[in-house]
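Below, chain A partners chain B and then partners chain C, in two separate complexes.
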Partner chain A sequence: MDIDDILREVDPTSSGVPNETSDLQSLTRLWVAERSAPELLEWPSGGLFERINDRIKAQIEKIEILTGDMDPKTNFALIVIQTELERYKFLVRSYLRARIAKIDKHTLHYLSSEELRSRLSETELAYATRHQALLHNHYLSSFLSSFPTQLQNLNDTAGNVSMIDSPDLDAAVFIRMLRDRPVTGQGTDADITLNASNGEVLILRWSSAKSIVEDGDAELV
Partner chain B sequence: MYGEQGIKLVQHAKRTLNLSHLPPYQTETVRAVTREVRDLDKDVTELLEPFQGSFNPSADQAVACTLLVNHLSMRRNKRCLLAYHRTRTDKLEELVWKGADVVDLSGQQVRGDPNAKDTPTSSLSPQEEDYVRQYSDLLAAYKGQWTDIDLTGSLEPPRDLFIDVRVLKDAGEIQTEYGAITLTRNSQFYVRQGDVERLIAQGYLQKLS
Partner chain C sequence: MALPLPPGLVPSEVAFLCEMEHVTIVPRQRLESIELLSGATPSLRPPRRENIPLWLALLLKKQRRANILPPPWLHVDSLRDLIHHETVTDPTGWSLPPPPPVRADGRGNARRLNSDATTVLSPPFLPSCTSSAPAGALPYHWFEFAEMLLAHASDDVPSASDVRSLLRDLQEVRAAKMRTSIAGLESGVDGVMSLLGVGAMELSESRGFVTGVVEGVRKLGASAEASRREEEEERGGADDDEPSDDDMGI
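What follows is the complex of A and B.
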């Protein structure tokens, strides 16, 4: 018996509604994936975070209502709900922070093309743009403004070295197969294709794993 | 020698990475590197002047080589400067996320965490102070989208709702859902983690495991 079972018994609103459980599941999945993928993943569409936010608000209100009631039996339920809420909040917080960390690290890279920009949520995009502007201003006022004009850019590619740092797409990730299918992995010496079956855990480069994960045939662990 | 000042900055940045506080801003070195870049640029312009824009590298290899070295030195210096400043801003951002902004900007808590307070005021360049201020605003704006979550909260997965804490410094009275508690030094409490997280981060309380 885990905390979900207890919750289901005491909390009529969360019982048996598959939508809410699946939201939590997708949040957990997103969180795990975001933490192990070397690059920023797509911001979930379909109002997942709006629903999550509403639910957190509802739980907070519920706790406020329940707090007045000091009957030992409901009080226990209250503690369970509060614990659950803290964990839920942690998931969201950790997920958002993981994303922000990646955005901060390679801001210009994620702002550089339309395809990459679309991975960010609206608020993240606003944050990234503003953050980059702040940094640029800071460089300008600290030293860049006294440089010769042709050296003031932050996106030079002279000498075959791009100033824009991008995430290492060849970093290794662990994936768990959700379906039987052949998997092609690139190695240093040779490439390999093997038939992976459902439930197997593989380690391979993110660049090779990306398409499989995007097809929904595997998930990051 | 070209680039000598630049390497100093990089070494400084490297050292900063392993420190818990921010060492003072190297105004002199930054200025020296910037001056070097400007001098190099002047040299380049002077070298190119007699050619009137029609310079042929293969015809005059000595000049071409000088130009190349000058250019590379300038770029290298720029990289050094960028790396140095980026390392510092990263550190500052980390402090802002930890809540150093409150102490630094509002000045309400004079007795605040000595680490958080002294670093941003004494060892920052004016530009960096500006940056911290603007970044705090930016972060506050972003956090405002997620008011219920408290983005700057602990990144440790919560295990227990309630924790034991010891009070390290008098923090006065705080309000919780279970009534008010007065935090006096060396006393111990069993409180809800969410209520005191801020105070732990600021060094008023210590979590007991």
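What follows is the complex of A and C.
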């Protein structure tokens, strides 16, 4: 910490949140949201994941250098660094795995439209496409090929019944408000609007909560 | 490879989140600043107090390199006040969460810490478990935090056994309120239900049950809801042609 950091800390006009903290907050928020939301959320733009991956790589390199000298004083610092790295990696891994679980469950749904495809990252899109292709080939070779041709599709929407399973967007979620604002929710017996204050926890349908969460006025918990 | 856990944080994940809460420690040994992924730790010089994440504080505590200062809300008096508030003053709702942190802007005004930041901070990144946190208000991660502190650093908590029994009382009072709020769903489900002041572990504990009830009611009342919406639309269409906000985006 040098004099600039100290000055920034006491400067009343700066927001006082260092980059690393705000990245960790963003990652934590993304992870919690992905764990709670019934559908797959947007892949974060703005290079958050590139930044995080670069930092993890740099930290691993640092550990490799530090393990070289086994000085008892740096030894404890090494333990702390490794513990923190593991915590960070857990967050990243759990986030990606939660996304893969959702993609696996409704692969065809997320591949069905351009809007939904854009939520996936490049690697996730490649994974989903190949996974679906493999699955389709397997079905074809094991049983679909003996069906009549018109029944071989996996994404038939004939007769107003879609074969593509999609997540339940009306599922109930818990959100916590980040700003004071009125919240409108749809209910079975009544649609009501509630004036929610910062920090308040609400239960409502994901379809009602989505726009508030996307505006950044609330987060999923 | 894919995560096999159900949607919503499970208790171990809530505890993981809680370990990111910042806590005040009194170091017993010097320790230089360490560059971490979440930012550098303050360099520790006894006996200057510093705020560090709980996981690090517990690590230092285990190695007897520091003592943890429990937050003001974890003191016996504060807990007694809270129990009094929960049982006598307001027997229906939970006690209010701590107010959002404010900061002087140098011109004699106080404004919220978060008001213009690009990334709005929320628990566990708010300083709600440090020694500067307000007494008499339970932060979001209160239960996990108190449990962890009592399990690993009970010698740092003044009159730990009293605190432990008061916490149990508090937890029971609040759990009963959670159950009554669910029983309130019998009379009808509105669009938004507020749980002002609820804690993370309490939420995680009853998440499955609450969402189960809300989902069940929604499925049972789906046809009634659809006909109500149709009726409203017809009435709205007769009065004026403007669609109401509720009909949008479904």
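Keep in mind that, in the parts below, the second predicted complex is superposed on the first by the 201 of 221 C-alpha atoms of A that agree within 3 Å, B and C clash if a C-alpha of one lies under 4 Å from a C-alpha of the other, contacts with A are read in each partner's own complex, and residues count from 1 in each chain.
In this section, a contact is a pair of C-beta atoms (placed from the backbone, for glycine too) under 8 Å apart; a residue touches a chain by one contact, two chains touch by 3 or more.
As the structure is a prediction and not an experimental result, all values here were calculated from the model.
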| item | value |
| --- | --- |
| Chain B versus chain C as contact partner of A:Asn198, first or second or both or neither | second |
| Partner chain(s) touched by A:Gly216 [first = chain B, second = chain C, both, neither] | second |
| Touching partner for A:Ile60 - first (chain B), second (chain C), both, neither | first |
| Partner chain(s) touched by A:Trp43 [first = chain B, second = chain C, both, neither] | neither |
| First (chain B), second (chain C), both or neither touched by A:Arg97 | both |
| Touching partner for A:Arg87 - first (chain B), second (chain C), both, neither | both |
| First, second, both or neither for A:Val183, with chain B first and chain C second | second |
| In the superposition, chain B vs chain C on chain A residues touched | C |
| Residues of chain A that lie at the interface with chain B and also at the interface with chain C | 56, 79, 83, 87, 90, 94, 97, 100, 104 |
| Interface residues, chain C side, partner chain A - complex | 1-5, 7-9, 13, 16-17, 19-20, 31-43, 55-56, 59, 63, 97, 100, 103-106, 112-114, 116-122, 124-125, 140, 188-198, 200, 203, 207, 210-211, 214-215, 217-218, 220-222, 224-225, 228, 245-246, 249-250 |
| Residue ranges of chain A in contact with chain C within the complex | 1, 12-13, 15-18, 20-22, 24-26, 28-29, 32, 35-38, 55-56, 59, 62, 76-77, 79-81, 83-85, 87-88, 90, 94, 97-98, 100-101, 104, 170-172, 174, 176, 178-179, 183-194, 196-205, 207-208, 211, 216, 219, 221 |
| Residue ranges of chain A touching chain B (in the complex, touch as defined) | 53, 56-57, 60, 67, 79, 82-83, 86-87, 89-90, 92-94, 96-97, 100, 104, 123, 126-127, 130-131, 134-135, 137-139, 141-144, 146-148, 151, 154, 158-159 |
| Contact set on chain B toward chain A in their complex | 30, 33-34, 37-38, 41, 72, 74-75, 78, 81-82, 85-86, 89, 93, 125, 127-128, 130-131, 134-135, 138, 141-142, 145-146, 148-151, 153-155, 157-158, 160-161, 177, 192-194 |
